[in-house]
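In the two complexes below, subunit A is the common chain; its partner is subunit B in one and subunit C in the other.
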Partner chain A sequence: MPPLTKMHFADVLVVPLQEALHDTAAEEITEEIISEAERKNARGVVIDISALDVVDSFLGRLLQETVRALAAMGKKVVLVGIQPGVAITLVELGLPLDGIETAFNLESALKKL
Partner chain B sequence: MTRSNIDYESIFRNTPIAVRTVSKDKIVLASNKEMAALSGVPMDKAIGMPCDEQFGGELCETACPLKQAIEGKKIVLEAEKTGANGSEILVRMYASPLVSNDGETIGIIESYIDITREHEDEARIVSFQRELLEVSTPVITVWDGVVSVPIMGTLDSERTQLMMENLLEAIVDREAETAIIDISGIATVDSSVADHLIRTAKAVRLVGAVPILTGINANIAQTIARLGIELEGLKTMSTLRDGLRYAISLQKADQ
Partner chain C sequence: MREILRISINEEEDILIARRMTKKETERLGYRSVDRTRIVTAVSELTRNIVHHAGSGELIISTNRTGIQIVCQDHGPGMPDVKQAMQEGYSTVGTLGMGLIGAKRLMDSFDIETGDNGTKITVFKKLR
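On to the complex of A and B.
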């Protein structure tokens, strides 16, 4: 697993996810995102999933949990770059990530925070 | 006219469907006029020929149905064959047991119908339908950062799927912030149509744009209310104009 890229813009944590995430890798990554957000006391978190062409129900649920956990910690979260196919899959899976902010690129994500 | 003075041979010869008889050891016993036309092998020349030489194809090597047909199993299948002048043709084949005068099964009767044209027509119809679907869900950029998709006629799941794909692609490609789904061209809305619309709106939100549903006339509004359809926080407006005005106001608020 390549190391997770973590970028900080002022008090915003930006994390681009790599393509082809295995279940265990995905779990580790979400934990890392949450603890990083806590450590740096980020106000907002941007998760960029534009590199993901496909998601399955596991990854979809994991994303939802991650966003909820971050929201519970009072962080504003924006998911960036959900591909059309991924969006359709999430809706079909009944995981429309209700109440989650989304944006199509980093710029508009940062604007939303 | 009695049964006995009918020339049964002539029935076989002149049947307007390609027919041949094949022995157990895969030798052609007889073949009719249509068969000659289909295979390109004259009637008299075909007799005594190996059956796959007269009229063969891939099927002969992979899944020859002779044995099953002899056992009396009803055979109907579609296969590619080499027709007259070596062209590839698609045929529907029927096979049944051939019985001698003493009641012994000595081979099979095969009938062929050329369905090449039929098959091509079907493929063409499918591609036309697809094309028609494509053009029936155009995604138009109506303003900077605002795309719109007008929906006409009926919205079934296949169309929803295609509309969703087209719309989402357009949003991502054109970096649209707002997507207006205009249903003024839809006659009626039932719960399944509403469900399709809601799913589309959710997907739009996921790729990062704001979905707006416009074109809800009095009739549709009443139906929605009567059926108790919950549009789940989806912004709805009666005209496309209102929707566009709202989309532009969102952009101004952003700046």
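On to the complex of A and C.
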């Protein structure tokens, strides 16, 4: 698994996902995001997917589950940097990101938290 | 149709290789950005289907002047009820059906042949 970049802005955890994760690595990384948010007592989490030009049904579902898990822990989550092609294919796959807070860039994401 | 690429699919890493190679070909052929994403996403769904349900198989990419054809074939146990797999996809998120229906919606055509000797899925996307 490639190392997960973790940045902290005050009590907000920011994690950029790298391109090209295979399924097992993606599962490990999302689990690490959840435990890091817990460990650092983060109030909010920003997941930056601007480096991803493909989000298929597996990763789309995994992201939904991660956001739900973090929400269940009382943490606010914003998904940032969804590319146009990714937004369109997620809808076509039947995986619209309903109920998930999104933002155009990191700055606007931090404002939402 | 002229075959331009053939990749054997045996493990998760091969899904990434298939995606990377497909992306390169769609760029070379001149597909627009959103169509490139659709095609690469469909390849991701179909090759994952091979890894998870058959264990191993092959991805074959061919082109002609009108577009790109992608064949995913395996020698796995086949799909006993294709209709059911294709219908239930939306209610059972993350299952076999979802990936296949997804690939069908992302591409212009989708054909499936399945039986005791394995499964062959052929998809096509027009160059626009």
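Rule of thumb we're sticking to: the second predicted complex is superposed on the first by the 112 of 113 C-alpha atoms of A that agree within 3 Å, B and C clash if a C-alpha of one lies under 4 Å from a C-alpha of the other, contacts with A are read in each partner's own complex, and residues count from 1 in each chain.
The definition used in the following text is that contacts are C-beta pairs under 8 Å (C-beta built on N, C-alpha and C of every residue); 3 or more make two chains touch, one makes a residue touch a chain.
Because the structure is a prediction, the values reported are computed rather than measured.
When the two structures are aligned on the shared chain, A:Ala69 is found in touch with neither subunit B nor subunit C.
After overlaying the two complexes on the shared chain, residue contacts for A:Thr24 are found with subunit C alone; subunit B is out of touch. In the superposition on chain A, A:Leu110 contacts neither subunit B nor subunit C. After overlaying the two complexes on the shared chain, residue contacts for A:Leu4 are found with neither subunit B nor subunit C. In the superposition on chain A, A:Pro84 contacts both subunit B and subunit C.
In the overlay built on the shared chain, the residue A:Thr102 is in contact with subunit B alone; subunit C does not reach it. Subunit A uses residues 83-84, 86, 88, 92 to touch subunit B in one structure and subunit C in the other.
Contact residues on subunit A toward subunit C in their complex (touch as defined above): 20, 22-24, 53-58, 61, 83-86, 88-89, 92-95. On the side of subunit C, the complex with subunit A involves touching residues 12-13, 15-16, 19-20, 23, 33-34, 36-38, 40-41, 44-45, 48, 89-90, 93-94, 98-99, 101-102, 105-106.
Within the complex, the subunit B residues that touch subunit A are 161, 164-165, 168-169, 171-172, 175, 177, 199, 202-209, 254. Taken together, the subunit A residues at the contact with subunit B in this complex read 79-84, 86-88, 90-92, 96-97, 102-105, 108, 111.
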